[in-house]
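In structure tokens below, several structures.
Across the two complexes that follow, subunit A remains constant while its partner is subunit B and subsequently subunit C.
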Partner chain A sequence: MKTLEEVLQDWEAVIGLEVHCELTKLETKMFCGCKLEFGAPPNTHTCPVCLGLPGALPVPNRAAIQSIVLAGLATNCDIEKHTMFYRKGYMYPDMAKNFQTTQGPKAFCMRGHLDLTVDGRGAKERLFWEDLAEGETSENMTRTADGYVAHVGITRIHMEEDAGKMVHIGGGEGRIAGATHSLVDYNRAGTPLIELVTEPDLRTPEEARLFMHKLRQIFLTLGISDCSMEEGSLRADGNISLRRRGSKEFGTKTELKNINSFKNLHDGLAYEICRQAEVLEEGGKIYQETRHWDPSKKHTIVMRVKETADDYRMFPDPDLAPYDLSDEFIERVRAKLPELPDQKAARFERDYGLSSYDARHLVEHRFTTEFFEEACAEAGDRAKELAKPLANLALNDISAYVNAGEGIDFSKTAFSPARGVALVSLLAEDVISSKQAKEVFAAVLEEDKDPDAIVEERGMKQVSDTGAIEAVIDEVLAANPDKVAAYKGGKTGLIGFFVGQCMKAMKGQGNPKLINELLAKKLDA
Partner chain B sequence: MAGFASMGVREIQVGLASKDFSAREVAQAALERIAKCDDEVHAYLEVTEELALQAADQIDEALASGKSPAEIGPIAGVPIAFKDNMNLKGTHTTCSSRMLESYVSPYTATCVARAIQAGGIPLGKLNMDEFAFGSSTETSAFGRTHNPWDLERVPGGSSGGSAAAVAAGLATVTLGSDTGGSIRQPGSFTGTVAVKPTYGVVSRYGIVAFGSSLDQVGPFARSVEDAALTLNAISGHDPLDCTSQPVDTDFTANLAEGAKGMRVGFVPAFMEAQGLEPEVKAIVEQAAKHLADAGAELVEVELPNAQAAMSAYYVLGPCEAFSNLSRFDSVRYGYCDPGHKDLGSQYEASRANGFGPEARRRIMLGSYLLSAGVYDKYYYPAQQVRTLITADYTRAYEKCDVILAPVSPRTAFKFGEISDPTSMYLSDMFTISINIAGNGGMSLPAGLGADTHLPVGVQLIGPQFKDENMFRAAAALEQVYGKAPLAPAFA
Partner chain C sequence: MAQHVTERDVRDIAEYARIHLDPDEIVQMTVDLNSIIDSLKPITEYDLEGVVPTFHPIGSLSNVMREDVEVTSFTQEEALSNAPARQDDCFLIPSILGEGGDR
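Moving on to the complex of A and B:
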């Protein structure tokens, strides 16, 4: 099979996502008063309504409607003021009524969009952006200094209820094939669910990954869901088709399921693109089918072939009156919108003079955002001066620390934002070197002490005395006459060697900036 | 306790207040009468003796503590029974279907709970057409109910058990449900006061749904006042049914006002309808005359789109029924055909054998009507027709306060007399447009037909959420006809 890079030379991938997000932050289910709780014993949060008992009727959860309107406003959607709930019929034991209550042609949120900033390694998957001039737009892509912005349309976000959870026993890995028994847990039945459908505007697996990442950040900021892909509260299905470069017609699409991480989304889509290309290049045909991504075997397998479109016999739910949202309600919800990641990043650039790259990455994760904001507040008047090193601290040391550990809540560690300010201050005042700063960072987390105390205890102060440094330099140069000759002969890269030798002699406490300056002066003299 | 069968709500309450008898004695009298007479009628599918005596004892305790019956509730001490599509915790709710033969309700419908809360003594559950599909109660899987006026004849349907129980004095009042005429038509066939309120007056929570946008619960009684008191007990907003409305009308308030000054609408097209028997037509005309004599003004009104109601109904009703009945799949409860190894064949066999022919017919019809490509041709136009009919009624009520019409084109027919479904559907020709529009309508007994000597009801139709208008006109007519008698064989 060809690599993704090779395939994308000849083929354009057309990707759309269907994202399901459970509104886990709500107290109760979508149409009844049952409590929402993940992990409760099976069938303990049920009632006549979510069990679909004869005679039970749904009553919509207003808080859920508020959540979907928040989601719509945050993704630039138009809010439809007059919508209806529909019944979508299908017989399966996970849906007790044998129909799902969802929305019809008009959803609460229609016609939105998100812009994705793609640069660095991620931008390599897309072709031709380098042909554009900065600021120039082609199709849905606008060139930036070091990458591009992809404009991704959102068709709609609609409200629906989740199904119960089926567990199959006796077959392999809980799958239905070969199972002897099937069990249903209706605790999840009726969980408020929003489904977001994108336009087929995504062109690379990386764009799909970035879209999901951005969406997750927005939903987390709105506080409407815990957005856990592992637990299934955030799920994405990908629709993928290929077309020859230059063609405007869509190819036959497949639907990719079982994606429970960002990596799986990227890798599953990448695999499926390569698989489709192989089939097409060998003269084969793509069938409209649902495929299951198997992350351990790194391939997709057919789940279900859709020979004809499913007939869900949709019609307006007569138990639920048409839903009218007043302007007043929408404005009240709008007033509750928190600062969204993009707005926050713009503020970081504006107020603290951060680069757009730093600002964008800071808002990608809650722990980096919170640390940075609290540290800046702690720094007071010096915030602007310390913002860059604080951002570096958050994006490098703190990110590495959090990523290395499983499920660490950084705000609960000994490294408080105030200690962060103290650490970068020591660095800014040249009291310690950046290498020493890393040691202090680790020591604060380990020993729960202030950075100043650690520096004091370990005698880590940086030597910035020019006389002392010059003496060390002289020793080093005298001990390596051959290297000095080579340097003077043009091998200027040897400067690193000399700096290293000086640092070693000073037990890492020399001011690297001064060592560099003074070395250069002596060698170039 | 003597004379229970013919007593109305007031008489029972006067007797209780003056300690002529206790609520327990009332309950026992009712239970004894059911034991004695229901073999002939077969109105009941289940008799809830224990619940009845328990409720009666509570009322006796409240009376002993010094409360008056009115303070306990509008129907304190009144024996009441429920159509078998209404959930009452701990009782079977079968909808007269094999599908739910063994189903025991784990919860109680709002209207049932309110009736018991208001002092009603729950006697049991009443026979009906299977899932309310029918106009004769012949589609019940558990035997037919006999019309107390002529045991060879049907009591009407689908609330045939509810109507027959009241006509035979096997309950003082009962509750039924009406989707296309299922309260009013059996009311006419059995000579009982039978009320379908405006859609939204009574909560549907706990009523096994047939056509969710059409179904409405209402009372059967032998007097207009008893029906009004029962409706007072069960009406009003229910947080569990978002289509229920905040109605706090006292339906007894204007019963004594008489018809003087009322504008009574008369629909000439109804009187010329094909199939309307002369004896029924004569009684409706006579009722109009009585109202005019009482000082009402008769005005002609037109409902130009009402003739399309039947077509719209047989699109919307089956569509909603198809969807509502899809939950009966043998998986969690209900009939399960044994021995199947895969889900698909278990579904098919359980539904094929659990549902009767009329239920299967409506499910298949709904499934077809909602399918891709067909939906746009039928469902959508049917909704448009619905809008037009609703507008017809709104326009008509600019000229009148209540409309007088036939209920059923004929009196009760014999078992098996009408065998083809389409002719059976025509039983509801004068009642269906009211469900389509959502207005309230009621059947008031207006004597016996000149030819068949069987009860004939006249229909009074009110503007939406002005059900008190039809109660007022009905009370005025009741002045002329007298209260509904027990069927002679049970008097």
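Moving on to the complex of A and C:
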């Protein structure tokens, strides 16, 4: 099979996503007052409504409707005032009603969009963007200095409910294949679920991954879900088709399911693009089917041939009254919109003079955002001056520390934002070198002490006394007359040698910046 | 009586609805469904151009919602009391896919 890069030379991948997000922050289910709880004993949160017993009357959860409107406003959607719920035929035992309550042609949120900034390694997957001039827009992307912005349309976000959980037994490892029986737990049945559908505007697996990441950050900021891909509260399905470069027609698409991490989303899409290219190049045909990504075997397999839309037999649910949302309802929700990641990044740039790269990466994760914001608050008047080193600390040392240990809550470690400010202050005042700062960072986490105390205890203070440094420089220069002559003869690269000798003489505690300056002054005199 | 649906249609509808009908029941159901559709015929005699469809018989009712407050649910025992079979506090059902399963 060809590599993704080879395939994308000849073919354009057309990708759309369907994202399901459970509204886990709510107390109760979508149409009944049963408690929402992950991991409760089986079948302890059910009632006539979510078990689909005859005569039960569903009533929608107001907080769920508020949540979806919030999600729509945060993703630039139009809020559709007149909508209703539909029944979608669903003959599968994890939904006892034999239908799923969802929305019809009109969803609560329609016609939204998100912009993705793609640069660095991520931009490499999209070929030919470098052909555009900076600021130029082609189709759904705009060229930037070092990458591009992808404009991704959102078709709709609709409200629906999740199904229960099934465990298949007798077939080994919970797989359907070969199973003789299934066990059903209806605790999850009726969990409020929003489904976001994008336009087929994505062109690379990396763009799909970035879209999911951005959406997750937005939903987390809104506080509507815990967005756990591992526990299944955030799930993505991808639709993929290929077309020859330059062609405007869409090819036959396949749907990719079982995507429970950002990496699987990227790798599954990349594999499926390469698989389709191979089939098409050998003169084969792509079938409209659902495929399943198996991360351990690194390939996709057919799950089932997709049913046609007619099979769902959608019709308006007679048990649920239609919606006629008022402006007041929508405005009350709008008033609850928190500062979104993009707005936060823009503020970091504006108020603290950060680069757009730093600002964007700071808001990618909650722990970096929170650390940076709290540290800046702690720094008070000096926030602007210390912002850049604080951002570096968050993006380098703290990120590396959190990524190395799975599931660490950084805000609960000994390295508080106040200690962060103390550390970068020591660095800014040349008390310690950046190499020593890394040591102090590790020591604070390990020993739960203030940076100043650690510097004191370990005698790490670098010498910034001009007189003391000059004395050492004079010794070093006197001991190496041949090198001094060579330097004056034009071998200016020898400055590094002199700095090294001075540092050695000072047992690593000399201020390298000052040594450099004073050396240059003496040698160039 | 006009033939709006055929026996073939009725068989398909029954299959969609997962309802088993014997051959003689299919014959009778076809007669019944055609007569039900006939009874709706007067509606087609009105000029309905531009009339918004009525999806709900409940008139002006809209925006019916409840607060996000927990209400006492079934106990586990109540939930499972009508299950034909159970195992590990779950509903025990026959495999949904018979032999083979996903390809």
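Observations on the structure shown:
The rule is short, and it goes like this: the second predicted complex is superposed on the first by the 464 of 525 C-alpha atoms of A that agree within 3 Å, B and C clash if a C-alpha of one lies under 4 Å from a C-alpha of the other, contacts with A are read in each partner's own complex, and residues count from 1 in each chain.
By our rule, a contact is a pair of C-beta atoms (placed from the backbone, for glycine too) under 8 Å apart; a residue touches a chain by one contact, two chains touch by 3 or more.
Computed from a predicted model, the values in this text were never measured in an experiment.
Considering which of subunit B and subunit C touches more of subunit A, the answer is C. Legend: residue contacts after superposition of the two complexes on their common chain; A:G171 is shown touching subunit C, with no touch to subunit B.
Shared-chain residue A:P93: touches subunit B and subunit C both. By the touch criterion defined above, A:H45 reaches subunit C but does not reach subunit B. Legend: residue contacts after superposition of the two complexes on their common chain; A:L183 is shown touching subunit C, with no touch to subunit B. Looking at the shared chain after the overlay, A:C34 reaches subunit C, while subunit B stays out of its contact range. Contacts of A:L57 after superposition on the shared chain: subunit B is touched, whereas subunit C is not.
In the superposition on chain A, A:L325 contacts subunit C only, with no contact to subunit B.
After overlaying the two complexes on the shared chain, residue contacts for A:M84 are found with subunit C alone; subunit B is out of touch. The interface of subunit A with subunit B overlaps its interface with subunit C at residues 48, 51, 59-60, 89, 91, 93, 98, 311, 313, 318, 320-321. If you check the complex, the residues on subunit B that touch subunit A are 85-87, 93, 95, 100, 103, 106-107, 109, 204-209, 211-213, 239-243, 319-320, 322-323, 326-329, 331-333, 343, 347, 367, 370-372, 375, 379.
The part of subunit C that touches subunit A in the complex is made up of residues 16, 18, 55-58, 61-71, 73-76, 79-80, 87-97, 100-103.
On subunit A, the positions that touch subunit C within their shared complex are 26-28, 32-35, 41-48, 51, 59-65, 84, 89, 91-93, 98, 167-168, 170-171, 175-186, 292, 301-304, 311, 313, 316, 318, 320-326, 329. Against subunit B, the residues of subunit A that register as touching in their complex are 48, 51-60, 87, 89, 91, 93, 96-99, 309, 311, 313-315, 317-321.
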